[in-house]
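You will see two complexes here that share chain A, one where it goes with chain B and one where it goes with chain C.
Coming up: the complex of A and B.
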């Protein structure tokens, strides 16, 4: 795989993060709010890319991990009002447990079969949320009493730097020997095992890491929105958007997922005048990217850089 | 006792419909290895077309149903030529990644159709005027004639499909392609012709299943995801690529859902089937009658 050097990409990304960290000085709170959500979305998509792009697991249920994190944090805050960091940590921990549960079938079944298991996991979580309404708020959603801060700018910076740190860790991991072993076990588990790598251990690790970041981001985003609902965290459509963000950003690039997430959110905002048709146009554009530029945005960027 | 008969009759009608819906899905996978995640959207498109023809153009129920089937047929071929074929023949995508690209693209396509239908005809549930009306009494249960009609049509169509695949030359080519694509090309049969034939058959099946569903239960644009998921789970439960497995699985799922809805609560309708699916995948990942 032709790729620009790891440190160079990280430096460019760091410069970009620092540049956009000055946005609160000149941009309205409304746009900051949109970007805050886009950054959390970017983390969801990066975590998904680690599982799919590297470990080769077709996970249709990123929202199973995200939703577990968001709802655990929210329910805990509703019931006992512990410090917020404790709720967030509990959310991440619950998502990791969810990741282990999701990993168990993945070690047994492959491809579309596993994809279906993850889809089932999402439907089960959704059923649980709707049926246990006294705990979860049901279809109306869960209101979370505490917030981290009410300042748009601070919320924006938290999301931005959280995304930057998560992205750096996930990206470094993907370019490390561990990432290569994951990629090898994703493409041919038998051969990777024959070369002496412990495929099971590495896949389990990938699930745990992906779940940790998904859950952490879900919990933080729930506190930012001060609510959690099926429509924002669990619904299959949300999962599809996460997958689309990762795919149009460029699979197996980790950082591309952020570009995809920002693109998705920016587009649905720009196309808002179209009303109900805006989603249709966004998805149509995503489909065109998938059909014509399978490498995604990140693929286009790195390729043009190499030819130029 | 009435409850028993009610569950038996209702479950049979639902299951037959599931069987018809899943057969096309299984056929496409068996022959071309494609999991078409826009399945639910194609079905809903057929229903909405039939509904719009009856409700807005005021055509009769037969013409409305025919229009629904034609739209299902067209939508299926559009899906193949616009989405699936370009990806299958793409030079930019590596072979082992094509499967996931087709999954993502058909998923996107399905959501696009869903959004478009919601935009043009709102999210409201739509029921197609049934061809057969009235109520008959079977074993003391008042059953809409439409329910019996649905079951009969489903089985007629499945029987015709069986004859088509097993008794005609073109059908045998399709069957052979599902067993060994390379062998078929060596015999001088154009594989892409087989694919087009399969997607055409699939379109008709989707159209008929959709229209029947629209007459029986009605659908809205929200049904797209659940319809795809139910076809997917029935096909996986039966064993990917096995049409007879899908037929059995359709009855298992249909009856399990009906039992739950009647005996426990309609809110839990889908849960036991999902649990069964997970259990089967742990114990026997290739499904009931799966080959691989």
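Coming up: the complex of A and C.
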């Protein structure tokens, strides 16, 4: 029953991805650019949902992982100009290492302290970037000399298919036996332990996977933007937006996070005429979704399908 | 079985301290294959801690736990589980988004990160286990849609999925009807007949007597008796702990209270439900002004629920009247401010504040002069608190904390003081001190007290009247002197 609906959801998602892959034929480069960013954002949010929705750990610092990936890739390209794929791989690896260093002590503390630890990690990374300006570009930001391609359409397709593959992996993982154990560990660690599951091992694995995809997406997005700055990759506000995207998309659904990310970016674009007020309106809408539809967009979609 | 073969579960010298409190002291017992062993004790006696120590959920401070001869004391829980121990928790917390079948499958999964596809046999095995515990009809349902007894079956199914040789079951029959209890007992016997060692943890001998080969009774962390169920029920110490031996009572007749027609507090046909579990069913009690009423009942009988309903903390059906006026619709804060004050089981002290600050907080609404007068009176009632004034509440012993809790409630000058299990986890000598303070309180003031207790020794001496609450219902009401004769055996 579960596996049937898993396959069905994946097929529907694949059809949707194929459909939007034709967008470059009829849509302006500007909109493609927005969607490219939205797709990377979607990966950030999906990776976050694996930790929160399944392992039950609220990571307030998704940008610690994203920022580590983006800046590692960018700095490496600046200093030595190795092949871009190597920079991106290094970014993902750095995020994983950073994630392990953060998670090992953080998973020992319970409740809100895990979240607090991750929050402090973001502030430390931000401080490091600002202070070590000769390496990181400081507050002005880091310019990345190389690009993967200058074609809007190709950049769009890279982001789209990267998101699709990441989403498929994360979604399948969440529905696998490991995902089930992870959910049990998040919900009741004592009971999971008594059933013979090493809770710390599974949560650490979730953190590593989350860090890997966050770092990879961060590095790819940095090359797309040809720059990295605190405001786009590290700032607490960015982290909050990732969290909002995952929550309004539908907690514990992985794929919903993409809907949330596209919604957030589309809304802030549509509401741009409102000026400073636009962010306020977007956040207010997010608040309404969180309060009235705790299942998020994905919950609404699957519920109407089940009843229909 | 030969003498050389180790018992499945061997516990020796097991000790656990929580701060200054010794929760388990030098505990030792054996549970052999094909045997059901009962570990009983009143609330706070340390029996659940023993279970957690065996399972590795808590780390022992000293002593040994051997499973099939392997020393596991201090191991993490998942390793002990893999060695062959399983536990059925009292509270079921299944995965709510998954079906019953998936919940059972979870327990069959290996602890591996590389297992991305379930073993095809898992499904078959999960169905077989479900059939065994009687869940076949509800495999595709979500736990939230199932009755309470089925949720317990899911817990059993999960525990036996790992084929444990040592099976620990916490309060096997809590919340079950008698028919469900019978079915559950049969299942436990079958598991024993498989050759497992089964440890049942419960409050009293009576509930497990039919099943167990042997029983060990605990009281404040120590063994007080061990033997067959009959032997333990006849044991003098056990009788004293559970029934209080010969208690002197000082009940005043109900007719001596002035508010005979409209009692100070009247609870009428009160029913409370927690999800599917019926916590209270048509409970009616009353308390006269100046009266001391004890509600006696084992853990889980519904005492705390009753008190929380009176304090306005829970939605309920039925009515609760104070001096004839319904309390329905009043907030918990209003009810407390108007003089119905509860000392809850958890004590809820501000542990980082000093004793004096806790008391001052209780007297917030009094004038400075009134507050000082009240504190002076309380220091007479509980002299130890005067000495401890400047100490942080969290550093007090359990008994001192309990006295502070009562004192803080008295700072609010309550008309009705509700005490929920003040004896929880306290040593007998401390009980005596609190008991004396209550006696003085009763003699020197006109206060009305509603006491909830499972410790009969403590509940009877001061009471004017006693109610017995059992499985969500009031089953007995009478004078404390009549309790031992009419209700005693149910409490062993």
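Here is the rule we go by: the second predicted complex is superposed on the first by the 303 of 308 C-alpha atoms of A that agree within 3 Å, B and C clash if a C-alpha of one lies under 4 Å from a C-alpha of the other, contacts with A are read in each partner's own complex, and residues count from 1 in each chain.
Everything that follows uses one rule, which is that contacts are C-beta pairs under 8 Å (C-beta built on N, C-alpha and C of every residue); 3 or more make two chains touch, one makes a residue touch a chain.
What you see is a predicted model, and the numbers here were worked out from it, not measured in a lab.
After superposition on chain A, the partners chain B and chain C collide with one another.
Judged by the touch definition given at the top, the superposed model places A:100 against neither chain B nor chain C.
In the overlay built on the shared chain, the residue A:291 is in contact with chain B alone; chain C does not reach it. In the superposition on chain A, contact of A:190 is made with chain C only, not with chain B. Looking at the shared chain after the overlay, A:14 reaches neither chain B nor chain C. When the two complexes are overlaid on their common chain A, residue A:178 makes contact with chain C while staying clear of chain B.
By the document's definition of touching, neither partner reaches A:165: not chain B, not chain C.
Of the two partner chains placed around the shared chain by superposition, chain C is the only one that A:198 touches, whereas chain B remains out of contact. Greater residue coverage of chain A by touch, when chain B is weighed against chain C, goes to B.
Taken together, the two structures place residues 187 of chain A in contact with chain B in one case and with chain C in the other. Chain contact summary for the complex, chain A toward chain C: residues 1-2, 172-173, 176-178, 180-181, 183-184, 187-188, 190-199, 201-202, 205, 252. On chain B, the positions that touch chain A within their shared complex are 35, 83, 86-87, 90, 92-93, 96-97, 99-101, 103-105, 107-109, 111-112, 115-116, 118-119, 225, 229, 232-233, 236, 240, 267-268, 270-271, 274, 277-278, 281-282, 285. Against chain A, in their complex, chain C makes its touches with residues 55-57, 76-78, 81-82, 86-87, 89, 93, 95, 97-99, 102, 105-107, 109, 111, 113, 115-118, 140, 158, 162.
By the touch criterion stated above, chain A contacts chain B in their complex at residues 52, 58, 105, 108-109, 111-113, 115-117, 119-120, 123-124, 127, 130-131, 187, 236-237, 240, 243-244, 247, 275-277, 279-280, 283-284, 286-287, 290-291, 294-295.
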